[in-house]
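First chain A sits with chain B, and in the next complex the same chain sits with chain C.
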Partner chain A sequence: MSSHASLFALGPALYLAATGLLVLVLDSVGRTTRLPFALGSAVFGVAAVGAAAVAAFTGGTLLGLGVGAHAFAAMNAFLVAFLVYLVDPSGSNRLLVASVAVAGAVFSLGNAAYYLAYFGTTSDAQAALLFGDQLVVDQMSLLFMAIAASVTALVALASYDYLEGHAYQAEYYALVLLAATGMSLMAAANSLATVFVAMELASLPSFALVAFLKKNRGSVEAGLKYFLIGALSSSFFAYGISLVYATTGSLQLEAVASALSGGTEFVGMLGIGMLMLVGGFAYKTASVPFHFWAPEAYEGAPAPISAFISSASKAAGFVIAFRVFTVAFTPAGLFASLGIDWVLVFQILAVVTMTLGNFAAATQENVKRMLAYSSIGHAGYVLIGLASLGGVASQGDTVLGASMMHLFVYGFMNTGAFLFIALVEYWGVGRTFEDYAGLGRKAPVACAAMTVFLFSLAGLPVGAGFLSKYVLFFGAVSAGFWWLAAVGAINSALSLYYYTRVVKAMWVEEPNGELELQGRPTGLYAAVVAAAVVTVLLLPGFFPIAETAIEAANAVLPNAGDTTTAFFG
Partner chain B sequence: MIDGTIEALLAVTLVASFAVLVSPDRYAAKLATALSLLPLAGSLVMWSGFEPAGNALVDGESAIGYMSQVEWFDLGGITLQWFVGVDGVAMPLVVLTTVLTTLALVSAWTPISERQSQFYGLVLFLEASLLGVFTALDFFVWFVFWEAVLVPMYLLIGVWGGPRRKYAAIKMFVYTNVASLVLFIGFVALVFGLGDSVATFGLPEITQALRDGVAPDGLPGVGAESLKLFAFLAMFVGFAVKVPVVPVHTWLPDAHVEAPTPVSVLLAGVLLKMGTYALLRFNFTMLPDIATDLAVPIAVFAVVSVIYGAMLALAQTDLKRIVAYSSVSSMGYVILGLVAYTTIGVSGATFQMISHGLISGLMFMAVGVIYNVTHTRMVSDMSGMADRMPVTVGIFVAGAFGYMGLPLMSGFAAEFFVFVGSFQSTVLPSAPVFTGAAMFGIVIVAGYLLLAMQKTLFGEFRLDTDYEVGRAAFHDVAPLFVLLLLVIALGVFPDLFMEMIETAIEPVASIGGGA
Partner chain C sequence: MNPWIAVGALGVVSVVIPLSMMLVSSLLRPSVPEDSKRTTYESGEVPTGGTRIRFNIQYYMVALLFVVFDIETVLIFPWTVIYRSALEDGVGLVTVLAPMLIFIGVLVVGLAWAWHNGAVQWSRDPQASETQ
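Our next item is the complex of A and B:
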């Protein structure tokens, strides 16, 4: 790995951070000063074009590409601000703030996609290492940055309607964007120190967001639970880091790996440290044994935030687990030299997590809570990626890549499902299955989208969830863990039961009494429909995601060898 | 290579489905019926221009009409592809699907009054999925369509069905979906077992690899023979639920009784054929050695389905349940024909799929027409209906005779082929015994149909509901009449389909060791 040690490589994360700050600034400038501000934005945007032109001449390196892309995107962002001003010069800041948040997330996504395309088309593309190897931008980072950004865009779009009449909206968007920044940095973190900092950066805004509806007891209680368990798991995690540091004398992941390659006498200390790290990941990804906050937090939080945390935050937790355990604690090497079989831990956690999540989901009466448990179940499926790494080494990239694919698809289908809940909450319809009765007659488009999400989550071939699950189970089988795939398949079949209950309620049941839906919130509708369209389109268009994910997995798995070519013939 | 014909057929049907979904309720019925004429005409054009040349799976490319094959993407060393085409087995089923869909749409005009655009749109979506199932030649494409059938079916029963519709819909959904999972695992395990010898999920390629004697040993720790046996059993269970074979048939009567008439027509007429079609394609074409090894137990299942289904029908008091159980019985003949592995037997089984599709469609529609005017289906509630509805009852009686196998009706031709084929079977030990036992089923069929007709249709007019019996509308009777004509046409000229079926079946029978 060599580095074009440029901050621009972190573009997707910087975008989110900058947009978060921009949102706050926009909100603080009063209405009277908006015209000069907007004009200033336009001028700045034009200036950015100049920068882009300059950058075009430096092209060829990731640095040059980065400057060009950012300048172009920055120009667009400021033009959006200006346009929103033109559309609504005397209106509230709501629209402006929301549009800027969405635009920022979309640019972050575009930037990540652009770099991914660069990696995909350039044969000698290399990961960018920053700040003394504390951060790394490779395909896996970019893929997860793309997940964080797309979820953020959908959530911000949906929040415009959901937040109608609430105070502190700019703060809300800023917190979402800053949490997303943390998640993007988690994707890039390459040392236990940056891992911890990025995790806290993602967590702290999330606590506030879960408790955002501060007059709602459920929301506040959820926030408190989320915070307390978060604090507990953070302390576990920090203690785990200290034990690993004590054993290896290093925090940087490759350095940890090389320190361990010669063996260590403190095997027990290292093992306990790693177990504590697992605890931290389990919290972030809502896996057993730190899963119990999730149903409360998802149920109590504003629904767009439930979507955000259950999709983006989960993915970010997983990318850290992927990187730390594959890079620092190389499975085969560690087991051979020290006898620490962490793969076994993940096998147990995967089976327990998916079974517990699915069985608990099947018994719920509240749709949002059902989705929360289903989210735990999906964490179990994704854990198969790590749990299968101890097997046939050359197949590790398939199964780990499959986990990434599943998280990517999940970012759309699960976000969409929670945003549909947000839509239902917006209408003031209740939360149980019975309350959903007859919704299909009143809102066929949204309910059709929800049907797509649910069937895709269940793994029926109406959405890309079918393919990602298929590759996941296939990967587990070819890595030699057919029993993991079998448990996954059985769970997947079971999950159809509770997903179908929602479909049944929406389309088949008669409404209880009069069901009046007030209004057609544009933002929420757009977000739900967009997520559904992407979920369906990813079915025929699955290949680029699969290819990127497997290459990304290949890059972090030293033992995977050169199977990428074999896999894609 | 893209031929475009089948793509156009599917696209037209799908577009029609979406157009109807968003159309206003007032126009939905007529619009859907009119639009369904497009795939109907398309399939007839395909049928008239089709040159049968063998079996799509066994003979490969040369035997496939209207073939399209393009690579989609690679996954785990296996290429997924868009691969569709028809042969002598698929072509008649495609025609059956389009014909029955149009007639079912017409039969829906009277009973369906709520949420019409959704109903008709879903029926057209169902048609598109069914066409996909019968034309797909790649496992992945096939499976996507196979599963897609479930969604509209679930909603059609669950929303527009009778009083216990929710239970019936969810039962159907759970039964068939668990079955799909089992068959998926079985088939995928088989393909992975084949390892590098197959590069795609294309059904012809997999069939070829298995025929070339490639032993599926790619899965560590599992022997080739046990993997093949496992795959065969998993797929057999998966398809048996769909057929359905006793003892996994219990979802069917519930689904039929609750489903509205047009949905029953499609369920009995086309959906059940998905199961037998898949059995023929997968179990009997790909794994003939296992199929012949297991000939006796399969034949036992077939005969039990025939006899037990007919006896259950005998015990019913609901006209629709009678027809529903008789489907279980009739599908037993298909399995018997398949397991015989003679050209005439397997072709007869395929012909029985078409024939039963038309006849059971006719019977369900006739029961539906009677129900529309009487609002009861209970045998004990009515008597002498012939007095008030002579035309409907006349067609009903004709259809029932078709069911019993009256010569010059398609039912006779189909059952005749099946029995001749299974009698001559060299693969099935003591074939005459099984054949004889199954033939006894015909007696029971005749018994319950005559009994039911005598009680309800003939004798003095009596009706224990407060409905006035009016005349059935012309558009209720017209599809019945069309179906009756088709049943007679196929009975008189079985070669309309039989010839192309035989060209496609001969290779299958010969690899199975039959004649």
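Our next item is the complex of A and C:
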């Protein structure tokens, strides 16, 4: 991959989109269309093989495409033919669509990891700019594409059991994959226009997914609330974009930065526009002041979707906030001198968000709602990354990178925790702390995994959540914001209280009545255990993630020094 | 002269004209109160049923499909305009054709799904298609 614009750079997003469409195609295959469709795909595949052969023997290209492209088309056509052949037109094809969805997400993750490895090993690797600089694929994009893809894979795997007996399963997977496509594109968006479109692409399927249990009042209510607040904040965001455009005459982020480099006479308009952009990001990341949809939506939504929205969607919201504020509204000092001190805004938001999230979580009786508020608290921790950028400039990459590390680890530990809730919902156990009493004896493996997630979320050294939080607070201190780190540490200590309540209920307390767990959901178990294993393995294997994140932060920050070696010795 | 005066004048005129028309007509017209003038439709049609009618969901499905393909045509038109000249200027056939084919392919997948789910098939059951 070079700076030469190639669509293949967007591979991780394209895999997700193609898999989403493939799931819809497989669901649309009927009794009369199955064989013609399979044969047609096979014939197209043979034709593509022929084209590849002709291109190979004539030593050139056919129809403007090389041998590799024709071979790739042939491979895909044969794959589609095979999958269509597997479809049972009268059945629900649950296993087929779920496997295709998981495979697509894993391919997307593999592709992102491959490109990340390329960036890690090639010293002069450059970011790929596509469509006239509207999209950029650099390390930060790839890291967040990897987060979106891994969360999608876990959620799709867990949904197989969770959706047992539900109608419209193919649509569910298609919506999950298309929302994940939007999140991957958010990671790559390099202009306010693409940021907005990608954000909508991620949001619209999410609304439908939250309301997926359409016979369940809570789910439908949550979907409606999520939709209404989403529509409101989208309109704020679009208005903010228009004000920034009016001030700078540009939507592309670097162009916005260069238009503002000499200051501007429309300070008020720019300030209001930026404040509205902050509102849009706050909605997407469930931070104050647009956080109040989160407990409702996470509680009402099917638990795998809560996992998806609270991990992948939050990470995607943060990546656009990181990119817009570090690339377009930079350097922070210039804006402070104009009177638009966005670092101060993020400092206030970070402190309020983490305090509000953690205090509200401590008062909850419902475990899913507690996790929802803890998710707001974690958004507050991650905001420290943006809130510490105004201090010691050379430390900016450590703290911004630490935010990315935290989101990466969070993608596993928080997804795992919500998937454990999905497991409990599958068993029909109640939702409060008391209902979890005695679960540890009935399902020791799953409860051990949940214990790892909760302690890792709290920041104890059983999972990588300890390291990411440590680097985050360390980075804030070395950037000169010791008080942000102090507030974060106090909140972490508080969070240990309510996380421990769940652990205590599971392992120590006696069950109230007969606790009978029906069924062995393999997919859910596999997803929960996989998330736990990754959370633990990231503890010894933290260095590559940390290095990638700090390099990614370095690439978007103008004045940061390379502190990777300084910190990790 | 300040150019905004013209804008203000336009605003004033656009308010004054309808108001004056209503005023003049109320001064000129004869007043003949009559029962049939109070009906909802002066054609004489007597409305039946409540105002909160639920339309069949299929109207919405068809409307949604229509919107999708309406937007598709909007994108295809400019593409057809530049298609031939792009080919004459030496842009490869695949470069010009493939993005549009992919775009239409995505829409076809959606149409196929909607078709498979019966969104295009109008309900034959008179009971189901009643607007209740």
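Note that in this section the second predicted complex is superposed on the first by the 489 of 569 C-alpha atoms of A that agree within 3 Å, B and C clash if a C-alpha of one lies under 4 Å from a C-alpha of the other, contacts with A are read in each partner's own complex, and residues count from 1 in each chain.
Here, contacts are C-beta pairs under 8 Å (C-beta built on N, C-alpha and C of every residue); 3 or more make two chains touch, one makes a residue touch a chain.
This is a predicted model, so every value here is computed, not measured.
A.B. asks: Of the partners chain B and chain C, which touch A:R441 in the superposed model: first, second, both, neither?
C.D. replies: In the superposition, A:R441 touches chain B alone.
A.B. asks: Could you say whether A:L204 touches chain B, chain C, both of them, or neither, answering first, second, both or neither?
C.D. replies: After superposition on chain A, A:L204 lies in contact with neither partner.
A.B. asks: Under the stated touch criterion, which partner chain does A:L21 make contact with: chain B (first), chain C (second), both, or neither?
C.D. replies: second
A.B. asks: For A:W507, select first, second, both or neither according to whether it touches chain B, chain C, the two together, or no partner.
C.D. replies: Touch status of A:W507: first partner only.
A.B. asks: Would you check which partner chain A:V352 touches, where first means chain B only, second means chain C only, and both and neither mean what they say?
C.D. replies: A:V352: touches no partner chain.
A.B. asks: Once the two complexes are aligned on chain A, which partner has more residues of chain A within touching range, chain B or chain C?
C.D. replies: Looking at chain B versus chain C, the one contacting more residues of chain A is B.
A.B. asks: Intersection of chain A residues contacting chain B with those contacting chain C?
C.D. replies: In the superposed arrangement, which is not itself an observed complex, chain A uses no residue for both chain B and chain C.
A.B. asks: Using the touch definition up top, name the residues of chain A that touch chain B in the complex.
C.D. replies: 398, 441, 444, 451, 455, 460-462, 466-467, 470-471, 474-475, 477-478, 480, 482, 489, 492-493, 496-497, 500, 503-504, 507-509, 540, 542-543, 546, 566-569
A.B. asks: Help me check something: in the complex, which residues belonging to chain B touch chain A?
C.D. replies: Residue positions touching the partner: 72-77, 79, 115, 118, 143-144, 147-148, 150-151, 154-155, 158-159, 165-166, 169-170, 173-174, 177-178, 181, 185, 188, 192, 199, 219-220.
A.B. asks: Spell out the part of chain A that touches chain C in their complex, as residue ranges.
C.D. replies: Answer in residue numbers: 21, 24-25, 27-30, 63-65.
A.B. asks: Mind listing the chain C positions that touch chain A in their complex?
C.D. replies: The touching residues are 92-95, 106, 109-110, 112-113, 115-116.
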